[in-house]
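Several structures are given next for inspection.
Two complexes follow with chain A in common, the first pairing it with chain B and the second with chain C.
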Partner chain A sequence: MVAQLFLNGLVTGLLLALPALALTLIFGIMRFANFAVGALLTLGAYAGYLANVTFGLPLPMAAAFAALVVGLACVLCDELVFERLRERGSITLLVASMGVSLVIENICRFAFGNAARSFDLAVARPIRWNGIRINYEQMTTAGVVVVALILFHLLLSASPLGRAMRAVADNPSLAAVRGVERRTVARITWMLTGALIGIAGVLAGLDRAIDPLMGWNYQIPIFAAAILGGLGSPLGAVAGALLIGIAEEMSTLVLPPSYRQIVSFSVILLLLLFRTNGLFGAKAVRK
Partner chain B sequence: MNAHAAAPPPASALDDPRDHALAVAGLRAGYGRGGDIVCGIDMIQKPETIVTVIGPNGSGKSSFIKTLAGLLPARAGRIEVTGRDITALSPARRVAAGLAYVPQEANVFASLTIAENLKLATEFIRGRAGVGPGQRERVLALFPELGQRPKTLAGNLSGGQRQMLAFACALLANPEVLLLDEPSAGLSPKIVGETMEAVVRVREAGVTVLLVEQNVAAALAIADEVVVLVAGRLSLRAKAGDVKQADLAGLFFGKEA
Partner chain C sequence: MISYLVTVVIFVAIAALVGLALNLQWGLAGLVNFGVSGFVALGAYAVAITAPHVGWLAAMAFAALMCAGLSMLLSLLTIRLEENYLAIVTIGFGEIVRILLLNEGWLTGGALGISGIPRPFAGMTPAGWGDGVILVFAVVLVTAAFAFSEALVRSPFGRVLRAVRDDPTVTAALGKPVLALRVRAFAVGGAIMGLAGALHAFFLTYIDPSQFTPIITAYAFMAVIAGGRGSNLGLILGAGSIMLILEATRFLKDIIPWIDGVQLSALRLGMIGVGIVLMLILRPQGLVAEPKRRYGEFFPKDAAGPAPNRALAEGGKA
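What follows is the complex of A and B.
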């Protein structure tokens, strides 16, 4: 039972890792917490649904389509809303992202209605191993997320683009002097993080029904994960996501399952009270 | 080095442009909708000299150097580097035109390693002649300790080491003119001395240096010429040897020289 919950938690955590990473990267470059992350995840699930069910594409293609759609949606939101408000400060941007969240959610509702939907998938019998049930959706999720995280890690740590992204997050005016245009880097970052959220949306759609409010199930855990890892720290966000996922599932040992979001709220509360930099936020550079 | 010397001289009021590394004419700049902070500065600097800009707080020194670097847009006037007009260029294109800039503080990427900082110094600068492994070797020869621990995070360096890294990054772009905004800020007296020695080494490597400095004594010791800025205007320009600190008090408090 404990092992089963741990495994479920690990997969939930992996699913949270992509949007948490997206949230933390956008925070680094744009200096605000993007509250629309949940709605963008919903958009990703619907884009995947459109490709998979309406167009009849296989799921990997649907995920690629969702990545593209959400990436473009992020660039569009930036162009129309966030870039124009950038000078007004992070609180204005945070509030604006709540508005963007409502708009995206209602576009989904307008296009697809309130009814719960799901992907067109063959039902498969879960694998049993030492008394633990592992279903195919979980394996897909784990595989896709691990590959995406490795690719993103390589991109951030070893490519010129990754260096440029970290440089802008660290010191935008110095980056400008070095020929790194913040605007270009910001657009690319939106596109890439949107792709991460889109893929996460499709993975979330494998796990539960697709409806206009599904993003809200992930919103608070995503924020808890990113804050736990120290906002702005990519590795921290991934570690935070795994911890939150596992803690949420394990909490069902002592709490009714419908209360498991309490874990995320408590983590945010405790961090705000005792460790505002998160677990990894302050460690990177010792002043 | 003189890649631009063959270009026809620009139509400006400045005399023979090939003879000055940096030329500024009628430069005005300010923030937002406020009044001018830099109120019409004219200045010519000969190649391979060190000119120090000093002045009281709020005299526009830092705004002046930011305008030269392109971080603050010029409202009027022109800036030329080795005879080429760069007034309309972005900060990065100015680097490509031969004008490197070291900001006052936060002049390295603290969360990146030394090696990454050095790499970023030229990675995105296009079209600058003399950038490459040769220049990298020359720069690391000036600052040998940087080559020794490439994996150290720049944010973990001491103030003096950080300053050396910032100089090195600027020099990797093979500049004609190096702008330094208060290189001694936040450093202990001993490190200030080392930093100023490094500035002299940079000049000996053939680079023209313009620095803004609060630490007048340290700046006078290495400068060829001193420019005093009061209320956004040049109030005195003199050979560094001719200026005594006692004279400066009068200037700083607004009396004409």
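What follows is the complex of A and C.
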């Protein structure tokens, strides 16, 4: 039982890792917490649904399509909204991202209605191993996320683009002096983070029914994961996501399952009280 | 038709109360609160649970006090952090309230909610006058809240809050207790949100968790942004015009026949999102900009004292 919950938690955590990573990267470059992350996740799930069910594409193609759609949506939001408000400070950007979130959610509702939908998948029998049940969706999620994370880590740590992204997050003026253009790097970052969220949306659609409010269920755990890792720290976000996922699933041993979100919220509160920098750095205290 | 108009006016009143509260927290003190729906829900449930036992006045006082206390705790927890974190904690708070209301059925009735909430003065008025009484009640409540907010804006407390919003470091350097001021502003705002929830409960006489979605928060932000941050008059206009637009677009269905109910509601809600973003980009000062208050407004000429310099003379940046 405990081992089963641990495994479920690990997979939930891996699913949270992609959007948490996206959130933290955007925070690094734009200096605001993007509240539209939940709505973008929903958009990814619907884009995957459109490709998979309406166009009849296989699921990997659908995930690629979702990554592209959400990536472009992010670039568009940046171009139309966030870049224009960048000088006005993080509160304005926060409020604007709430507006953006409302718009995206309702575009999905307008196009697909409120009914719950799911992908066109053959039902597969779960694998049993030492009394633990592992189903096909969990294996897919784990595999896809691990590959995506490794690729992203290589990109951030070993490519010129990754170096430029880290430079801009660290100190935009200094990066500009060295010929790294903030605007271009920001666009690429939005595109990449959008792709991460899009893939996560498709994986979330494997896990549960797709409806216009599905992103809300992930919003608080995603933020908890990013704060746990210290906003702005990519590695921290992934570690935070795993911890949050495991903590949420394990909590069902002592709490009713409907209270899982309270675990994330308590983690946020405890962290803000006792360790404001998260587990891996990043300053949170007002200057 | 009359009862429909009454409903619209009361919804405007509720939105105006919530907006005034958010204007105090965000517009005046610069503290972003994304958990508005949670506070409104708490106020409504506090009234629904206590009003049958202690009467409406005590129930409302209880709702306001409880929301003020919780706001205080929440802001104390987070207030020394960056704005981003306060926003995250408050949005989490809103969700937690909704989950608790849904799951603690012994107290809140769970998804079924609470019905039969007694209205104020219900026993003293002839039958059929119920809506009129609640209408007067709502208008009085909003007027009182408006007068209170305006008095607050002009008071020394309001002045120092604007200073905190515009530059906390300078304010702290001048010896003002920035943290205590922020906590107080957040608590007063929370209390007004609780009162808005109370009005909601009294009017509908039936509440359930589905009435308190984050969309309430979005409306409140839209009202404050449209009206102009820090401007109470603008806020009333903003809240009124949003409710008008929302109600007017209900009738779009008669004009565009191919649109179904879900699509129409998606269109209306999406419009609020577009409105928030457009106003922020195109007209950040809102419909009625926060008035620039000068030294002379607070201290008339005949009062003694040396002429202040310009920086001191302005109560705050617009």
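Things worth noting here:
In the analysis below, the second predicted complex is superposed on the first by the 281 of 287 C-alpha atoms of A that agree within 3 Å, B and C clash if a C-alpha of one lies under 4 Å from a C-alpha of the other, contacts with A are read in each partner's own complex, and residues count from 1 in each chain.
By definition in this document, a residue touches a chain if its C-beta (ideal position, glycine included) is under 8 Å from a C-beta of that chain, and two chains touch if they have at least 3 such contacts.
Only a predicted model underlies this, so the values are computations on that prediction, with no experimental measurement involved.
In the superposition on chain A, A:P160 contacts chain B only, with no contact to chain C. Within the superposed three-chain arrangement, the count of touched residues of chain A is higher for C, of the candidates chain B and chain C. In the superposition on chain A, A:I107 makes contact with chain C only, while chain B stays out of contact range.
In the superposition on chain A, A:D170 makes contact with chain B only, while chain C stays out of contact range.
Contact with neither chain B nor chain C is seen for A:I244 once the two complexes are overlaid on the shared chain. Legend: residue contacts after superposition of the two complexes on their common chain; A:E181 is shown touching chain B, with no touch to chain C. Overlap of the chain B and chain C interfaces on chain A: residues 284-287. Touching chain A in their complex are the following residues of chain C: 26, 30, 32, 34, 77-78, 80-85, 87-89, 91-93, 95-96, 99, 102-103, 168-169, 214, 217-218, 221, 225, 262-263, 265-267, 269-270, 272-277, 280-281, 284. The residues of chain A lying in touch with chain B in their complex are 160, 163-164, 166-167, 169-171, 173-181, 284-287.
Across the interface of their complex, chain C is touched by residues 27, 32-33, 35, 80-81, 84-85, 88, 90-92, 94-96, 98-103, 105-107, 109-110, 113-114, 212, 216, 219-220, 223, 227, 231, 256, 258-259, 261-262, 264-265, 268-269, 272-273, 276, 284-287 of chain A. Residues 69, 71, 90-92, 95-96, 101, 103, 106-112, 116, 119-121, 123-126, 153, 155-156, 169 of chain B touch chain A in their complex.
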